[in-house]
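Paired with chain B in one complex and with chain C in the other, chain A is shared by the two complexes that follow.
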Partner chain A sequence: MTVAARPKATGETLSIQNLVKQFGDFTALGGVSLEVPSGEFFTLLGPSGCGKTTLLRIIAGLEVPTEGRVVLLGQDITPLPANQRPVNTVFQSYALFPHLSVWENIAFGLKSRRMDKAEVERRVKYGLEMLQLEKFAERLPHQLSGGQRQRVALARALVNEPQVLLLDEPMSALDAKLRAEVQVQLRRLQQQLGLTFILVTHDQDEAMAVSDRIALMRMGHLEQVGTPDEVYERPRTRYAAEFLGAANLIKGQRLPMGFEASFGKLALNRTPPWDEGYVAIRPERVRLSEVEPRQNGLRVQVREAVYRGAYQEVWLKPGDLRVRAAPHPTLQAGQELWAELPVDALVVLDE
Partner chain B sequence: MRLNPLIGISAIATLAFLYLPMLAVAVLSFNKTRYGLTWSGFTWDWYVRLFSNPEILEAARNTFVLALLSTVIATVLGTLFAIALERYPWPRRSQGLLENILYLPVVTPDIIFAVALVVAFGAFRMVSSLFEPGLFTMILGHVTFQIAFVALTVRSRLKSLGHDLDEAARDLYASYGYYVRRVLLPLLTPGIVAGAMLAFTLSLDDFVISFFTAGPTSQTLPLLIYASVRRGVTPEIHALSTLIFLLTVLLVLASERLTRR
Partner chain C sequence: MNKLIVWFGELTTPARLYRRGLWFLLPAVVWILGLLVIPGLSLVALSFAERGQYGEVVWNFTLENYARLLGYGIFGWSPDTVLILLRSLWVAFVTTLVCVILAYPLAFFIASRPPRTRYLWLALVIIPFWTNLVIRTYAWQMLLAPDFPFAKLAQTLGLLAPDAGLYPSPLAVYIGMITAFLPFVVMPLFSSVERLDWSLVEAAQDLYANRFRTFFQAVWPQTLPGLTVGVILTFIPAMGMFVIPDLLGGAKYLLVGNLIQQQFYASRDWPYGAAVSLGLMLLTLVGLALYRRRGKDVDLV
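So, the complex of A and B:
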């Protein structure tokens, strides 16, 4: 009784080759290539309009690419319509059939393929169990809570044993607390099943929490692809640094041994590839202290400090650095102290 | 904030203005007096006579046959038209044009439509005797104005359904036929039934189009009422009018209920 019983394919499940999508004059995707290995939880992250949903819809077969190919398990599926692709989607709105019970919703993809009755029963039962929906089998979608509906949408997709499960912002309609729970469950489910998941989201915390790898998208291009910690700790571009975790960007010139910003010299552990450019540092990596640090210390004044409960957000001058500091002792505007920008926390961006 | 009582009074006055004439007719249909407006006692007589008058029964039969057939045809065509309008990927400009065309029959005066039909049938008659004035031409006439009402009702339902469900169905391996049978039609049914009821009511009450397209053997109730009134209004006509009014009210209420769901 398992969805994961299918032999696990090795290597690339999904290969996206130079996908271009144009809507009239608007280029939604400008030549995107990607390899997603089997069993990976892969996330397309970016702001609205970056092309992430278009990419997902092309994989699902709901949108036809202007150029490029989608290859699944070595087979070119670009010309296949959505209803012939071994791929299923969890829609943002869930798109449950309002006139069908939970049971019938989950059975829909099985019955539409004329699967035999016993098999349909078995798989629906399994889907109901997997997502703890047994009690709701006879209910209609409007009789369910948002979280329950989302589980029905997941079950309805998963019972088809898709090669790839596509998730289009499936958590955006849930409240913050439930969302955090569902992220954990989703990750666990994906690992148990060993399935390839492709998630679309604009929420960086969500992307971090669930993904094996993240593709950060911007204006129809992949800005950076990597594991969550790579993308977070080693952003390559200003966009990546700012989108993920709102890093401080420090502009300056290259020196023979480091970097010179407007407020002073900083040591780096990598020689910048440019003469003038940016280094980034996360707000939580800046250390504040009363004593002068050994390296990369900076005498600063608190311009503003906002108490946020778990931490305080501090703006410093010079340099307009934003720092996430321990909540105590509470800092006051005008207070002078030392800021340390640790060498290993300074990321040299490529531009 | 307290509302000015005048608003309530004016609302009641408006309703009275709208329904008092109908109420008067209903009251008179139970009046024993044959001529004039004096009340001389309650009677079911006029209703009884109504149902023993062969001319009226014949007209009633024609009315219902006409309404039924034209409604079935208009419902099928109107539903297909709405689906095509809403789901087919029309270029934006022709979509707007089609929508205007759909509204046109609703706002065009019936008399214009009726005259156009007379002209058209006149021309067709040269080809086939099928277009001699009669039930057939009346059905065609009624269908032409009913389609728009069915299509508009079904289309608003389609709009509220959105595109998510047909994408979900495709994603779940459904063929187009399977999707139509299992998802689209079941969800559209309330809209289709409401549109059909509206069309049926319109056909039942239609006078202008019927008047211009009817033949000697296809007299309907509205035409019969018109002809009788010219000879002088009798309580039988009051009774008939009251019945038709009640039936219309029932149909409209039922259609209203279905669209609200």
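So, the complex of A and C:
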């Protein structure tokens, strides 16, 4: 049986090919390649200045790359201006038109494309319903709360039925409680619509909560790409380990059967690819106990313990380990006990 | 009642605060009374008086000045004064319009310069404005004179009779007016353009808007505050301008400003001059009211 040859890019909604962006001497993006399949919630995560927003703006057509291509559904859209790309953006400031009502704002993209009146009415109505904005249709943006404005910005983008929805830190202007709520809504919306979302954020909790896959960015490069648990549980670099959840980094040398740190020998389930390097362990994976564990036990002293309500944060000597322990019993500085670094919790980094 | 209150850290009573407030108001009240209300009322009173035989004011109540303003003279109705009023309105309108059309690209050009050269460009717009208007207008007389290259070019192209100058002419009046008022539009417009929220422009482009739609939906509404100031600063003085039409327009191109000036100087007909002045003021206020109404509409849409 023969299968008709398909263009290579099919299956991937969006393909970023070796994008380079330079602003004068500054390299914002140094050769980034990515494939985002259709219907995925993909997050670009990184600190400010890592190039994540630049990448988003290049996809939107608001910035021209120095090198590389953006391919959408098999079509090279790099030379297309922003107003000809089937892509819509939710801006960080929302960028709602202040002189237009909520209804007019949502209809903006539809009217730009000269859709007939009935279709505009239908889609705006749909958008208003989808984001529970019916009551505010006639209001002006300045008469809305931050959360409502954000929903208008979402509706304004979504009614155009874009191939890809780009979200540029859409929750940074919301307070923490509302943010958690909106994250859940956003995730649900994306799954209902089956659309491809690309989110830019510097907030790792947000990235974890909503994404199918996360690309961790650093200084114009992709540091690691993977599902939230892959990136969290199996960080490959020191940067990834420290940026996500602030892991403990333990420096040491490779042994034939494991690893030797300054405070003792540890068993690993993978032979490190280096002679001297780092292994990482999450603070919540270190186990404290009164009795000596069977493997990877360490006699330690509590240097400091901070009660945080849901847990207590403990710093141990030796090794400067940070541990997230159950809040009871409360530990005291100076107390001696055993710490276990379970083999499956120790991640060998690539460096 | 001597209720004590704390006012910005000072312990005082409402009565004392009130008295102090009156003192602060006094200079403004004197200013407005002395320079606006009293002269204004005098002008109104004057406009109902008669001109004496030797140009003195005779305080007989008459409506004749207003009848003349509407065109009724000794020889019946003539359209002259109405024409002058309409022409002034038209010249002010065209001047404002051309200034706005020229100011937009200029304001955007200046705002897009790097900060170091931006103020140099701005200074270039303002420097002529520091030169006396009369001197600038005389400069235009020279530039538009018959043996200057501009006039020579027009003569060669057959647009102008040989040895004729480009002034006095309506064109010269427009040139003089537009160059005089351009900074008044550019400056406030520039301050609006400088503060422009470009994310709205990006949003419009992201939402499939073409250049035209982007400009009128994302840029224009944001520049309205500056534009309004510029239009008002241009339209009102342009309505009453007399130096430029006097020097560049010649005797045949009379504007209402010249008409008023003539009454107070050459004709020594102060009552009629007062009536024309009040007519001009009325026209200006009507124009402003219309503009405000339209401006409000724009804001609401």
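Definition applied: the second predicted complex is superposed on the first by the 341 of 351 C-alpha atoms of A that agree within 3 Å, B and C clash if a C-alpha of one lies under 4 Å from a C-alpha of the other, contacts with A are read in each partner's own complex, and residues count from 1 in each chain.
Basically, a contact is a pair of C-beta atoms (placed from the backbone, for glycine too) under 8 Å apart; a residue touches a chain by one contact, two chains touch by 3 or more.
From a predicted model like this one, the values you see are computed outputs, not experimental measurements.
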Overlay on chain A: chain C relative to chain B, clash or fit
clash
Pick one for A:88: touches chain B only (first), chain C only (second), both, or neither.
both
Between chain B (first) and chain C (second), which does A:177 come into contact with in this model arrangement: first, second, both, or neither?
neither
Who does A:294 touch here: chain B (first), chain C (second), both, or neither?
neither
Should A:97 be classified as contacting the first partner (chain B), the second (chain C), both, or neither?
both
Could you look at A:156 and tell me whether it touches chain B, chain C, both or neither (first, second, both, neither)?
both
Footprint intersection on chain A (chain B / chain C) at 60-62, 81-84, 87-89, 91, 93, 95-99, 108-109, 112-113, 156-157, 160
Enumerate the contact residues on chain A facing chain C in the complex.
60-62, 81-84, 87-89, 91, 93, 95-100, 108-109, 112-113, 156-157, 160
Counting only contacts in the complex, chain A reaches chain B at residues 60-62, 81-84, 87-89, 91, 93, 95-99, 108-109, 112-113, 156-157, 160
Interface residues, chain C side, partner chain A - complex:
197, 199-200, 202-210, 213-214, 217-218, 221, 298-301
Could you please specify the touching residues of chain B with respect to chain A in the complex?
164-165, 167-175, 178, 182-183, 186-187
